Amino acid sequence: MSDALFEIVDVPVRIEQLIKKVERRKAGAITTFIGTVREWTKGRRTIFLEYQAYIPMAIKMLAAIGEEVETKWPETRIAITHRIGRLEISEIAVGIAVSSPHRKAAYEANEYAIERIKQIVPIWKKEHWDDGETWIGDQLENVPYSSGFPSVEEVES
Amino acid sequence: MSDALFEIVDVPVRIEQLIKKVERRKAGAITTFIGTVREWTKGRRTIFLEYQAYIPMAIKMLAAIGEEVETKWPETRIAITHRIGRLEISEIAVGIAVSSPHRKAAYEANEYAIERIKQIVPIWKKEHWDDGETWIGDQLENVPYSSGFPSVEEVES
Amino acid sequence: MIKILLFAHLQEAVGKGEIQLEIGQTTVEQLKAELQQKYRIAGLEHVMIAINEEYALDNSIINPGDTVAFIPPVSGG
Amino acid sequence: MIKILLFAHLQEAVGKGEIQLEIGQTTVEQLKAELQQKYRIAGLEHVMIAINEEYALDNSIINPGDTVAFIPPVSGG
């Protein structure tokens, strides 16, 4: 992990390092989101995951999410690290840290960022189950897209 | 810091240690909230803070919040550490970690916990400004109480 | 005898964190009135009481041997 | 010549992550049709296209020298 606010890495994500990137004397609240590899999904057992990214564009999209966040919640600062490659159960796939003078914005901005990551950042997950493997497509839990993907209009909005 | 899920400490709060307490193979999301000492509050500069707690009751109340959380969001696990004593700018006063199979519950439960801490846990903050000092009373940002404090009915609900 | 614990500005106002009171059974309301008079502490109406580490109501009974904490509006987090 | 990048199941379906195509100016829609035919890839209607790392529309123009990425529904996070 480097000092960059938006990173794709192939090494373990260190949360305390991520938090350091957003610490500021005027911040009173920092929220983090840590996405870990879950063993069970809808009754199916995951053995490990594999993440692939279109790295340069993924970094650009993470930075674009950062700009969206700092526009919507002006006093926040955000850092995002996503890991790629093979990940075992409980390892960290993504870490998001948001600092803010007040906590409400820190929660909202953080949740917004993970939703956007799942919409626009070119990263793909391959599930390796004990009885097979498959690349996962749209896995948004809350935002239904008829096409299984956000339209460009949504992406650019 | 010990292995206990609910702690009052007089040493720095270690976030990675806190996260470890809630990690589980069935968790796919962990949120943390980190409350830090902010330098500026409404135009006034803080030099340092001092926290005092009614320690045994504070630990009991943190555990009570934990029970509330795990009742409201059944598959979550939560750990809370609050520090007392003298804290400098940017130091961590409170850390909350929530793990959950799904992220929505992890955000909601985490935000609920910090609100409840500010309502029912017997901990007090003394602000030391460059021009004076004072114990801070009710500082809830979002929940207005006519009395400046939740009623017992609210506390027990 | 009951043990009274004071915190934050109450502790500073009274000059100590703990008081022993030689009284018999009483209520939260009566105890508050007694302390208000004895130590001239203002603003006790915003102070919650915990008996043996549990929040209590104004009419809750305090027995000899209980530990009663005076809990000003909290400001943790 | 345009450079085409493939990811996830598309990469496995085609057997490589990068293709060089010797064609002139075209559109996203035309290029999708061409690849669909040439490599018999199903489900390209759910695939987004990025031209030089920016999301593009079906009628966006692709010029020689561009890098075109085929982006299946993403699943990061």
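Observations
We just call them A, B, C and D in the order they show up, numbering each chain from 1.
Please note the rule applied: contacts are C-beta pairs under 8 Å (C-beta built on N, C-alpha and C of every residue); 3 or more make two chains touch, one makes a residue touch a chain.
Protein identities per chain, from UniProt: A, B = Molybdopterin synthase catalytic subunit; C, D = Molybdopterin synthase sulfur carrier subunit.
Just so we're clear, the structure is a prediction, and the values are computed from it rather than from any experiment.
If you take chain B and chain C together, no chain is in touch with both.
Measuring from the averaged C-alpha position of chain A to that of chain D gives a distance of 24 Å.
Here the spacing of chain B and chain D, counted between their Cα centres, is 49 Å.
Mean C-alpha positions place chain C and chain D at a centre distance of 73 Å.
Annotation for chain A: residues touching 2 or more other chains are 35, 114.
Annotation for chain D: no residues touch two or more other chains.
If you check each pair of chains against the touch rule, the ones that pass are A-B, A-D, B-C. Only residues 35, 51-54, 56-58, 60, 82, 93-94, 114, 117-126, 134-139, 147-149, 152, 155-156 of chain A touch chain D when the two sit together in their complex. Those residues of chain C lying in contact with chain B across their complex are 5, 7-9, 11-12, 45-46, 48, 50, 53, 55-57, 69, 71-77. Considering their complex, residues 15-16, 19, 23-41, 89-90, 101-104, 106-107, 110-111, 114, 141-142 of chain B touch chain A.
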